[in-house]
Structure formats: structure tokens, C-alpha cells
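Here chain A shows up in two complexes: once beside chain B, once beside chain C.
Then we have the complex of A and B:
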């Protein structure tokens, strides 16, 4: 399994298995947390499906419902707004064809620290560069296939 | 890759007990493999996000680690695969601690089950709070490693 025998076959086999896993995940996981824009584009297909919105902004609120802007879609949500108008929230909800509208299951305001996300991403880039540098100290990449062995 | 620092620290801690520096480097790279595979599929190959979910499953981690291990020279391929896979599995455990309002963070058992799981311990938007903690753990791991190396001498 770890020898160089049938190396290309093993390489191709691993790539094929990864592709099949991806296809299987795409098929079986399609109905899990569908994107809101898909639900709005095909309301009949996604009626009563549960979805998760990672981030949306409350644009208006009343006692029993509120409206959100997800960046792609504006939609009414049944339930009490979990934050003030203008605040960013995350929520899980059930999509309903009539309207269309969402029925909130759980929701919460995004923490103020989410504005510092860029800092975490900057740290992540530095970490990645450091790890790759450390990796290059221990391993060399020499693709034989592209090397010209002799001058013509 | 919003919190690679946490992933690095989670792998670096057990990595302090791996003597061979090459294998230690593979353990750390292994912990980035699920994200590298997922982002590569979505950003480079333009595949659908659902397609990339397989990279964050146990079977997906094992297969990607095997593929990556084939690129390592034969003499350390077997331990290399073990360390890459261990790094990938550590990545899944770290992802599980995030809270996605009960929707699940990782579909661990793809392709057998598409159900996602989560421990729901920290808001993904609050990962910045982990940075000082991560730095402290990394420093502790470094000190342990130095002491361990001194004892070996």
C-alpha cells in the first residue's frame, strides 16, 4: 500500500475515490442547510426545509416579525428579532413558500468581535506561511517529469 | 481558513512528542489538509461547497492523507501517512468545538451519513478570543519540547 509498486495506479485510485466522495457528499448533503437564494429561486422544492444563515442584517422589525438582508436576498422572518435594526445576526429557520418567508428556530446577534475577523485571517496567513517555510526546511519538491536531463 | 492558528496549536501540542522533525512537520501540514483540500476544490477548481464537505469527514481525511503520503519518499511514507491522517483528524475535532446553532459543523461520517455534528462550545465569530490562549499553549509546547530535548541529551 505504501510502496512504489503500481504508484500511478495508486495515485489515480486515490484521486478517483476523492472525486466519488465529493459527488456523494454533494448529492447526499444537498438538502442540508440549502442557501437562502436557492430556496427563494425554487420555493416549491425547498418548502419547509430547515436552513442556516451565517450572517444577515436586520433591516426592519415589528413585534411578531422582522425583515433581514442576507446580502443576496431580503426576506421576512416570523418571530421576535434577536437584535436591534441594523445589527448583524445569525439564525436557523424553516423556509416557507408562502411569502416566501422564514420561521425562526434559533437566532442570535453576531458578537462585536466578529468585526475583528480580518485580524484572525491575517494571523492565519502568517501561520500558513510559517508552516510552509518550516515544511520546506525538511522536504524538497523535485518533480522529475518536468526536468530536462540533457541539453539537445 | 479563519483560525489556522488554533489548528496549528492543536497539532503542535502532540507534535512536541514526535522526535523526528520531518514527521512533526507532516503532522502540522496534516492538520491543514482538510482546509487546503476544501479551499482548493472551491476556490481553484470551482466545485460546489457541498462537494468539498467530504474533505471534512473521517474517510475524506484518510483518503486525502493517503494521496498526500504518495508524494513523500517511500522510506517514510507509512509513518508519513499516519501523521498526516492524525493531523487531519485533529483538525476535525477542533472544528467540532464550534457552534453553528445546532446545525452541525462537520459531517464526520460521509459518505455513509450526511448528518453534521458539533460540540457547540464556541461561536465561530469569537475565535479571536482563542488567539492569546493559543499563543500560551504554543509557548508551553515549545518549553516542554526544549526540556524533553535536554533530557534526551
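Then we have the complex of A and C:
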């Protein structure tokens, strides 16, 4: 399985499996947490689909519903607002064609700490560079040059 | 998903006891691999998020790690595959603990099922507060292993 025998065949096989996984994910994965703007753009297609909104701001609130701005779309949400107007929230909801509107399943206010996401991303890049540098201390990538078989 | 310091700390705990620094470096790379693949597909490849999901699924990671292991020289491939996959699975386990309000984070049986699961132990933004403890853990482990190495090296 790991020998040099049929090396190209094994590598090609692994790459084909990766491609097939990609095709499978592309064909069956669309319904995994569809973006809100897609639901609003094609309401009939996404009716009663469950989605997760990582971040949105409450722009207005009433007793039984509230309105959120996701940055791309403003939409009404059925349910009690999990925070006050102006606060950032995250929620899971079911999309409904009528309106269109969302029916909140679970929601919570995002703490101020969530604004430091950029810091996590920046630190992650530094960590990755460190890991790659450590790897390069132990292993060298030396592909063979293309060699001419014989003179014409 | 990109909270590599926390992931690296988990990989450091698992990998530091390994005596071979070369094997350790592959474990550390394996711990970063799921996010490296995910972000590469997302930002460099312009792929939609659902196309990137196999990079965070247990079965989906096997061909990625196998293909990567084939790039090593022959006698290292088996170990490289084990270290890469072990590191990547550790990453998936840490991500599995996240709380996405019940929407799920890991496609545990992809490609046979599209069901996403989560344990809900911590919120994604908690990784900001976990950064300092992660650094502390790495420092303590490194210090302990250096002290032990010095004790072994000193005669009597």
C-alpha cells in the first residue's frame, strides 16, 4: 500500500477518490447550512430548510418577533429576541417562504469577545508558518528535474 | 474553524512524547491539515463551504492523508500516513466539541451520510480565551520535556 510499486496508480487512485468526495459533497452538501441570501433569493427551493446564522445584528424587536441584519439580508425572525436592539447574535432557524421569514430554533447573544476573531485568524497564520518551518527543518522537497530521454 | 493555536496545543500534548522530531513535525502538520485544506479550497480554490466539508470528516481525511503520505520517501510513508491521520483526527475531535447551536459541525459518516454532529462543549468564539491557556500548556510541556532531557543527559 505504501511501497513504490504502482506508485503512480496509487497516487492517481487517491486523487480520484478525493475528486469523487468533492463531487459527492457538491451534489449532496448544498443543503448543509445554506446561506441566508440564497434562501431569500430562491425562497421556494429552501422552504422549511434549517440554517445557522453565525452572526447578525438585531435592528428592531417586538414581543413575538424581531428583525435582524445579517450583513447581506434583513429578515424578520419569529420568536423572542435573545438580546437587545443593536446587539450581535447567532441563531439557528427554519426558513419560511411566506414573508420570507425565519422561525428561531435557538439563539444567543454574541459576547464582545467574538469581535476578536481577526486575532484568532492572525495567530493561526503564525502557528501554521511555525509548523511549516519546523516541518522544513526535517524534510526537504526535492522533485526530480525533467530530463530529456535522448537527443533527436 | 481557524483556531490553530488551540489545535496545535492539542497536537503538542499528543506529539511531544514522541522521541523522533521528524515524526513529531508530521503530527503537528496533521493537526493543521484539516484547516489548511479547508481554507485552501475556500479561499484559493473559491469553493463553496459545503464542498470543503470532506476535509473535516473522518473518512474524507483518509485519501487526503494517503495522497500526502505518498509524497514522502518509501520507508517513511506508513509512519507519515499514521502521523498525518492521527493529527488530523485530533483536529476533528477538538472541533467536534464546538457548539453551533445544534446545527452540527462534523459530518461524521460522510460520504455515506450528510448528518452533522457536535458535542456542544464550547462556543466557537471561546477559542479566543483558550489561546493563553494553550500557550501556557505548550510552554509547560516544553519546559518539562527539556528538564527531563537534561536530567537524562547529566551523569549520576
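Points worth noting:
Everything below uses one rule, namely that the second predicted complex is superposed on the first by the 144 of 152 C-alpha atoms of A that agree within 3 Å, B and C clash if a C-alpha of one lies under 4 Å from a C-alpha of the other, contacts with A are read in each partner's own complex, and residues count from 1 in each chain.
We adopt the following convention: a contact is a pair of C-beta atoms (placed from the backbone, for glycine too) under 8 Å apart; a residue touches a chain by one contact, two chains touch by 3 or more.
These figures come from a predicted structure and were not determined experimentally.
Superposition model on chain A: chain B and chain C are shown in a clashing arrangement. In the superposed model, A:17 lies in contact with both chain B and chain C. In the superposition on chain A, A:108 contacts both chain B and chain C.
In the superposed model, A:128 makes contact with both chain B and chain C. Of the two partner chains, chain B and chain C are each touched by A:4.
Within the superposed three-chain model, A:72 lies out of touch with both chain B and chain C [touch as defined at top]. Residues 2-4, 7, 10-11, 14-15, 17-18, 21-22, 24-26, 28-30, 32-33, 50, 52, 54, 90-92, 106-108, 110-111, 113-114, 116-117, 119-121, 123-124, 127-128, 131, 134-135, 137-139 of chain A are contacted both by chain B in one complex and by chain C in the other.
The residues of chain B lying in touch with chain A in their complex are 1-5, 8, 21-22, 25, 28-29, 32, 37, 41, 47-48, 50-54, 57, 59-60, 63-64, 66-67, 69-70, 72, 74, 77-78, 81, 100-103, 107, 110-111, 114, 116, 123, 125-129, 131. By the touch criterion stated above, chain C contacts chain A in their complex at residues 2-5, 8, 21-22, 25-26, 28-29, 31-32, 35-36, 48-54, 60, 63-64, 66-67, 69-72, 74, 77-78, 81, 100-103, 107, 110-111, 114, 116, 124-125, 127-129, 131. Residue ranges of chain A in contact with chain C, taken from their complex: 2-4, 7, 10-11, 14-15, 17-18, 21-22, 24-26, 28-33, 50-52, 54, 90-92, 105-108, 110-111, 113-114, 116-117, 119-121, 123-124, 127-128, 131-132, 134-135, 137-139, 141. Partner chain B is touched in their complex by these residues of chain A: 2-4, 7, 10-11, 14-15, 17-18, 20-26, 28-30, 32-33, 50, 52, 54, 90-92, 106-108, 110-111, 113-114, 116-117, 119-121, 123-125, 127-128, 131, 134-135, 137-139.
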